[in-house]
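Consider the two complexes below, in which subunit A is the common component and subunit B and subunit C are the respective partners.
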Partner chain A sequence: MLSHIAKLIWNRKRSNLLIITEVAITFGVLFAVIYLGIYNYKVFNTPLGFEWKNTWNIRIDTGGRWNNETDKVQLKAIAEVLRTRPEIKSADVIMMPLFVNGRWRSVETINGHRAPYKANMLNHEAPKNLGVELVSGRWFGPQDDGQNYQGVMVNQRFVDEFLDSVEPVGFEFSDPGQPEAKPKRIVGIFKDFRQQGEFSTPGPYMFFRYNWEQGDSFGLRNIMLKFDKPQPASYEKDLHQTLKQIAPSWEFNIQSFKNLRQQRINEIVIPMTVMAVVVAFLLIMVAMGLFGVLWQNINRRIQEIGLRRAIGASENSIRLQIIGELIVLAIFGMAAASIFIIQVPLLNLIEAVTWGNFVVSMLLSISAMLLIVIICALYPSHSATKLSPAVALHYE
Partner chain B sequence: MLKNYLLTAWKVLLRRKFFTFISLFGITITLSVLLILSTALDNFLYPSGPEKNNHQLLFIEQLTIESRDGQSNWSSEPGYGFLKDNVRDLKLPEKITFFSQATEGSSYINGNKIDSHLRRTDTSYWEILDFNFLNGRTFDQAEFDSGQMVAVINKKTQKNYFSGENPIGKNIIINEQTFSVIGVVEDVFVGETHAYADIWVPYTTFASTQFETELMGGWSALLYHSNPSILPQIQQEYVNQLKNDFVTHDPEQFHKAIGGADTKLERIAREMTNTEDYESNAASMITMWIVLVLCFMLLPSINLINLNISRIMERSSEIGVRKAFGAKTGQLVIQFVVENILITAIGGGLGLLVSWGVLSQIEASGVLPGADVNYNWRVFLYGFGFVFVFGLLSGTYPALKMSRLHPVTALKGGVR
Partner chain C sequence: MLTLNSIAKTYQTDKIETIALKEINLNIKKGEFISIMGPSGCGKSTLLNIMGLLDAPSDGSVSIDGVEISSYQDKGLASIRNEKIGFIFQSFHLIQDLRVIDNVELPLLYRKISAKQRRHLALQALEKVGLKARVDHFPSQLSGGQQQRVAIARAIVGKPELLLADEPTGNLDSHMGNEIMQILESLHKDDNTTIVMVTHDDELAKRTERVVRVYDGQLIH
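Our next item is the complex of A and B:
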């Protein structure tokens, strides 16, 4: 049956080539959208690793470069004043703020392999206050001061990806390019910290510790305030005034993480929705086009169908033939498109594409494509079976 | 002749309404998407607000600096210090302005927070950009020099902060700095990236003066010349300045500066292609756009080609007759392409309506602050261009295929 259909299609290859091309392109577009959808859904539901509720971010603009000598003192003074307020549960500083596009990337060499990761710098109380979960080892803290190493913490993904064969806690990295610098030592492992929000790609992460006394040459410009309950805008005004009194030459921008998170989500969801709408219309267009082409083709093959009916083919076998032909066409198209699509995970063209997601979205897009094709073929195949053999043979 | 073609085409369209609907649906969707994109781009390139004279302007808003050893480089907007030392003394521009990027400003009124965008400017900013003042005036040189706390606000801020009452002479508190309002301007579209803000104040009102020596970060400059044909010479002067006379206070770290004074198109090109060079790479961006548009048209075109091919066969007896009476292949091809362009044009008209509807919805929704979509002759030109290209793409192959039919087979009712 199938080989027969394949032969029929081959005999009309020139006119079928265009339909195959159309199916192939549509399949490519469909696959891309389904893949993106699955990927973003999974990533969105991966735990952030921290709590953002009732937490505000104060971004500082110092008006120029960070002057560590004076600015670290001012930053510490602000944090100390804020911590004395009863409604503030904690006040911490962080280098790369949460729910923004900015990130700090770095790389280590572990056993001769490159180990790229994202990093952040915060004071030692900050992870606990943000609800980051400790997996093993201990939090870094003042006990790491004055040691012959620099205490850092990494997330579980870092361990899984780069350190699965060694004991991670106590592992030291040294930079052969800078032999005089202290080696970094992992003192603890935390669950996760997805600083850029729900839609960011989960990956290895490292915490460096901010020491209030030493400061940092690049500077930390974000203060995170955790409250016991939601605060009104009037509180924000009061807070702004307090900040200005301590540091009149600095500018402050106060945002709740709730707002920042929503903005970040919208940045991804709105373009995705627009794209999905355009693709939906494209699919409707293709489906209607296929439907039209098929209908027209049936009309042209009336004689052939009439002949088959006259020599005793049942309605069902006619219907099967029509639908089968289109399915085989679709399979050709999808196979052609898959040759290109499979290069992406094979050659690792896009880092975020994994085999698991790939297979699932492949199956989903194949089913969706077949469904579209079958729906398109239903009516034309039905009308073909309704032809009475006598009329069909009389055509012309 | 053409009239005959069009008449035939019209009759054919009316004959099989369902097929006409399918074709029109595809064409309309495709052309709507393209028209929405091109109208948005057109409004961005040729704004109708304060930047409407941007053919006389050059923008300096991106700079890359390199250390002497070539190991490190930084890229961002220039800083005030850079502009003061390297841009202020350019000879060719008639006017030069420096201003800060729009930063967030918070105000609190009756227990509510109002977020606005605050921009700090000099006085020539107001001469170069053509703001539409609804009330009051901008600050003058004396107010600027003495660092007077005065502000120009837009209509939206007037509504939010003063509930629409006349704000002139009243105070507004932004980031805990108090300004006296001296002017109100019409809202500016966010796409006019250098004019856009909610509140404009003199940059002499900065709380700290640290910004004056910064080489990188947070500032932009506009160069103005009344004669647009001088602009390439100004670009050259700026690049020469960077190449030969770059002024830096820390030559070890900040040894070499790379950047350009761009027109609006070049500015987008620099951003989209991530170019860190003296040239902006506009040509490669335009090529990229054309390729993308053609890619987007590909699927709808193939769809339409398929439909067209199957529809021709319906008309094979007509073709047979025409051929039998001596019509040439070329004539038939032209006839069919004209028919196809006609239906594409109808789809284009519908697409124009759809895109107008979508864009006015976006405008009304307030997603893009200050958006005011304009339709002008250029949008229609783009529309004609798309219709023509799309019509040719989807009409030529079926037309060729049709015209090659042998008259005898055609008369008998087509081929298999």
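Our next item is the complex of A and C:
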């Protein structure tokens, strides 16, 4: 029967083109939404690699000016004053704060291969204070001062992607464009650090150590405060006054990571929800379209249905045939769409698309599409058998 | 072979009741070739539909091979139609999107028969009606007479005991009509197939063994 259905559909390909096209487009959209859903679900449940609770961020606005002699001293003074407060467990500086859109991207050449990664610069106590987990090697620190290398730390993903065949701890690499610069040496490997939050794509990450005694602190205008317990909203005012006393000309934006994290989640979840609602409506429209086309198709074929019943098809066989026909049509439509969809992982068009997620999304999309198709076919297939064969044969 | 006992058929539409058949008693023996004649609207086709289990009588009973089928449900009726009865219609009722061979195979799709066996039986049936050379044609590529021969092949492919033909020559010219009649005669003669044919044509009716006349929904003796 299946080959008969396939033959019938193939011979009626012109009249079935509309349904096939409709299924193909819907399948493409459905796949994209399901893929995004699965991807975001998995990413959301991947550990961040740090602890954000009871931690606040102070973003400092120096008005666009920076005097490395005076302002750095002032920044250090703020950090030291804050550390003296009993409720503050730690005060660390960081270049790219957590749960915000900003990121620092860089690239190295390792063993002749391009190695892109995201990076951050922070004082050497900061990772420990944030609860970052050391996997192997050691934390960077003052012991790296004055050496003929620049001590850096990388996450496990960095090792997995770029240093699979070498011993990562102690591995050195240089920028060929800056031969005079010290080579970077990996002194330790941490588990992960997904700076931009739960919905950020996990990837290679590198910590650069900020040394108060050297270099420029122009970019380091974020201070992270870790508290021993949750602080009330009124604490922000008190903190602000303290900061203003030390640096009256600077502006301070104080926010808890709890709020920043929620804002970041909302940035992703709200558009995703809107998209899901739009897709749900789209699916309803498509289902209604399919239902209509199928209804019309069945009305055109009532004589054929009458003939089939006359020559021995039971009501159930007719119902199954109609549902079977629509399933085969849906398979044609999904196959057409899949030819385009599969190019994404095959040609690596979108880096975040992995085969694992692709296969799961494909299976879920196929199941959902078939479910929609079967639901749409149920009533028309039932009504197709309501007429007696004698009436159906003479139906005009 | 087929017995109709006190068959009545009434159609009810809103407040109008139309009596199509009343008190029809008819016994058709195995191997008989019967024609049913009567003016338009007298109930010939309704009678044929009831004989072929395409429609249920309002009253009375139908027996096939001594078994009363009034208690049969849809699946049982479909099975009898598939295995024991073959239909030939005035307007052929071929599926235009299927090739000749696929049209002929249709009844066998509802039996548990392998694709190879289906093909074999369909070719045999087409050979019987002289259309073996046209297996890959579509119905639209055939003449009316050829299309009716395909319909006959489809009706006999399952080797039914009873062939019901509703004005099989009605859409054909006399030459083609004669060809179709010859095929029916040879099926009756060679295979001992029981044939019931509705016709308006006196000449064709005379070539059958018995003529049953229907007038105003009743048999005339």
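FYI, the second predicted complex is superposed on the first by the 391 of 396 C-alpha atoms of A that agree within 3 Å, B and C clash if a C-alpha of one lies under 4 Å from a C-alpha of the other, contacts with A are read in each partner's own complex, and residues count from 1 in each chain.
FYI, a contact is a pair of C-beta atoms (placed from the backbone, for glycine too) under 8 Å apart; a residue touches a chain by one contact, two chains touch by 3 or more.
The shown structure was predicted, so the numbers you read here are calculated from the model rather than taken from an experiment.
Using the contact criterion defined above for the overlaid structures, shared-chain residue A:V360 touches neither subunit B nor subunit C, since it reaches no partner. Applying the stated contact rule after C-alpha superposition, one finds that A:M275 touches neither subunit B nor subunit C. In the superposition on chain A, A:P248 makes contact with subunit B only, while subunit C stays out of contact range. Touch criterion met: A:P389 reaches subunit C, while subunit B stays clear of it. When the two structures are aligned on the shared chain, A:A313 is found in touch with subunit C, with no touch to subunit B.
When subunit A is checked against subunit B and against subunit C, the one touching more of its residues turns out to be B. Of the two partner chains, subunit B and subunit C are each touched by A:R12. By the touch criterion defined above, A:V81 lies against neither subunit B nor subunit C after alignment on the C-alpha atoms of chain A. Once the two complexes are overlaid on the shared chain, A:I374 sits clear of subunit B and of subunit C alike.
Comparing which residues of subunit A touch subunit B with which touch subunit C, the overlap comprises 12.
If you check the complex, the residues on subunit C that touch subunit A are 46, 49, 52, 54-56, 74-75, 78-79, 81-83, 87, 89, 93, 95, 97-98, 102, 105-107, 109-111, 115, 154, 158. Contacts from subunit B toward subunit A in the complex involve residues 18-19, 22, 25-26, 29-30, 33, 103-104, 106, 108, 111-113, 175-176, 206-208, 210-211, 213-214, 298-300, 302-307, 309-311, 313-314, 413-414, 416. Listed in rising order, the residues of subunit A touching subunit B in the complex are 12, 15, 18-19, 21-22, 25-26, 29, 61-65, 232-234, 236-237, 240-241, 244, 248-254, 278, 281-282, 284-286, 288-293, 296-297, 300, 396.
Of all residues in subunit A, only 1, 3-4, 7-8, 11-12, 303-304, 306-317, 388-391, 393 touch subunit C in the complex they form.
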